[in-house]
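Both complexes shown next keep chain A, but they swap its partner, so chain B is in the first and chain C is in the second.
And now, the complex of A and B:
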């Protein structure tokens, strides 16, 4: 058996052993507050529709917030990097704002956006936007002077320079920011539902917990993890495609 | 013939924490239209700094540079640069062909004609099969040739070249020198070549300007009394070539011993 197969086998063996151990303990305790993997699987099947529709709502809001954050923050970060005096004036403000945890802005957002979808999307946009603008600005204002010389000597306009030089050369760091932004969009999408309850997987989790349906709650968590894995894999593929020139170099 | 590029009394200081560093002081030069001029000087004497100043990419401390009679403040239209730092001057997210096309953004003509021209230039620098490769997939010498092709692609009246052949092996360098002379003559390209290689400076140019130690200026102008047609074997054995080479080398050596004394 070669090394990589042994590692793959180990990767299956360990979680398998954990599941078995979990089931054994659950069986021994035989309490509704300690469901085993079999009960959780049953809960997944039982609540399939409810979980999927709630998670769908949560993901849509996360995606909307992430997309909005990208569309606003990436161009803004590039612009601030190119217009030096403005960047230098604004970046301390960004650093300051970024220290605010997203839940802290919830009351403020509720004040003018209520508690509906708009409010949640605003909070997600904020949470996803901070790592995006910080990374984009960091990359674009530390661009190698050689790139700027090339742009100037080829007489590119400022807009062309930002689009054709600054954006691609900042992409590796933007990708790092985007990875953080994806994670916090999901997280904040779920937590914002717990604070501003209407629907979504966060509400589902909260309800399960309040009704002591631990199995249903774990079913929801298992679903979120699965979706998280898929999203990460997708993001990885997109990143490799956009940044092959950076990674293969 | 008229001067396309002039530098009058140019000085450049770099300010640092340890006081100012004077790199160029009292430098004068002129390049005529259609000429091939070499600027030769030891490493670190300020050649790249001077070239960036001439290209409008770096501000002057004193003096004036004109291109086609107009003072240079920003990089002027009609002036292209092949940078010494070729590995950074090519865009890694673009293929070699697209890098050359990038140099043609301000050139008139439809996309198809430009593509053909870019491919033709790539062929001319001996990289016909590498248009679809990325700069980081080819050797340093090949990257430098892509950068040269991009410089030629801009169809500029004046081409500034900063040690464009420093990274290529001896045989390729000889080939590139001839190719370059060929292209320069064919397109009547005015060139200012910066190099630390005295033989190359003399072989390529009609006029060699020798730079002094820092703060640098042009300390001697040597006119090369050779026909424009050059040949790697015959030119290098020509008495005029040897005399010019001797003059430049002995001048550089005298500067070095004076510095050591």
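And now, the complex of A and C:
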């Protein structure tokens, strides 16, 4: 315990050294286009409100897209896992579609849905939906045959089997997919703003570039990183809490 | 459990046929205006035109080589950092702070900040791609190096291996399968990063072409290019698998024998 704490503390020297090096290079260059950590910290304080309000918009959209993806993809994945022939037919299609990275569908969505909230939420839903449906389908169609037999001997209907057997036993893998989905909805929310500018932290970053305010831009990136760490850690915590029965085994 | 009805390439081919048929059906039913949803023949024609003019091939070559070179550089860097982390636990712990901070940032966010320092050329692509692609090989590599079985390490020591021989002959080979799993994941990321960078501030490549065509409302071209992007992913995966068979083929054979 003591040893690992010592390593953790000594380890702080590594990012510390990077920061010092960065500051030295920035000092040597002394150009507003290459700000050092001190300038970035000042920019964080200066632009606090602007960044927070923009990031709020970004997070709202990410949450909406993630929620939509969960509501659509989890039931669909379980349905495909239970209705075998349909799953067999559809899963290669899913594999095929999954090779398309979210940014590649941006121009297409733009044609149908314009550049507003709807378009961005569609793109986030797509990005978050892929890991969700792949994991849900994988989990529910590789379910242990014993569970299906239990369901049959209890005279459960197909719908009840899906709700009471397939969903709970797929939850650990769905949770893994959800964690990937949380991370990617945040990433894609920002990317979609940069490609379809209206508002949000992505637009803030681009405006900083256009005004040659690289320090402010890096301040925005620092916020993104902090929020990402917090949200991903939170998702992990929630997973551990909700699935305590799975991890206790 | 029942074995799947179709396997491998047949499965993909059938899936592709189903998608294309559905597509054409939607097009013929004219639910969506022709302008936004061209039929398969129109997309194929657009594809043919772009190949004939040479745009597609040169754009594809740029995008694919950027992604491949970025992936190779990032993988080597990731493995190097993983080895360093294995040699020095303090560095490993310290670098984890850095990776935790950098990982949640999308590649698109780096582009506008780096443009002024790095310009619009190769340096920008290299920076962005490596910065987002290095993590899977690094994280997998350092976890796998840490997880090498103590029996193997002790055996190596008994046979008189020094620190470096131990690393080179025992630890790295046993970590390689994990590292390749990371590289495979990284391959997808590197393609995405290149396409996004091209969209945001490129002057050539597939990403730039998609964006330009979308604003010009050349829908058939956009669809054809999206198909190319998807194909790129498949191609990249194939290349990584091929390389993996060469480097860690022994591992795959062993796993098959165990099954």
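Here are a few things to note about the model shown:
Please note the rule applied: the second predicted complex is superposed on the first by the 247 of 249 C-alpha atoms of A that agree within 3 Å, B and C clash if a C-alpha of one lies under 4 Å from a C-alpha of the other, contacts with A are read in each partner's own complex, and residues count from 1 in each chain.
Heads up, the rule we're going with is that contacts are C-beta pairs under 8 Å (C-beta built on N, C-alpha and C of every residue); 3 or more make two chains touch, one makes a residue touch a chain.
In this text, all values refer to a predicted model and were calculated from it rather than measured experimentally.
Taken together through their common chain A, the two structures put chain B and chain C side by side without a clash. By the touch criterion defined above, A:156 reaches chain B but does not reach chain C. Within the superposed three-chain model, A:105 lies in touch with chain C and out of touch with chain B [touch as defined at top].
Using the contact criterion defined above for the overlaid structures, shared-chain residue A:30 touches neither chain B nor chain C, since it reaches no partner. In the superposed model, C is the one of chain B and chain C that contacts more residues of chain A. Judged by the touch definition given at the top, the superposed model places A:12 against chain C, while chain B stays out of reach.
Of the two partner chains placed by superposition, only chain C is touched by A:195; chain B is not.
By the touch criterion stated above, A:2 is placed in contact with neither chain B nor chain C. Touch criterion met: A:146 reaches chain B, while chain C stays clear of it. Once the two complexes are laid over each other on the shared chain, residue contacts for A:165 go to chain B alone; chain C is not touched. When the two complexes are laid on top of each other via chain A, the two nearest Cα atoms from chain B and chain C are 11 angstrom apart. Within chain A, no residue touches chain B in one complex and chain C in the other. Against chain B, in their complex, chain A makes its touches with residues 144, 146-147, 149-150, 152-156, 160, 164-165, 168-169, 171, 245-246, 248-249. Residues 52, 55-57, 74-75, 77, 79-81, 83, 85, 88-89, 91-93, 102-103, 105-106, 134, 136, 154 of chain B are the ones touching chain A in the complex.
Of all residues in chain A, those touching chain C in their complex are 7-8, 10-15, 18, 33-34, 84, 88-89, 92-93, 95-96, 99-108, 110-112, 142, 145, 183, 186-188, 190-191, 194-195, 202, 205-206, 208-209, 212, 214, 217-218, 220-221, 224-225, 227-229, 231-232. If you check the complex, the residues on chain C that touch chain A are 1-2, 4-6, 11-12, 14-16, 18-19, 32, 36, 89-98, 100-113, 115-117, 188, 191-192, 195-196, 199-200, 207, 210-211, 213-214, 217, 219, 222-223, 226, 229-231, 233-234.
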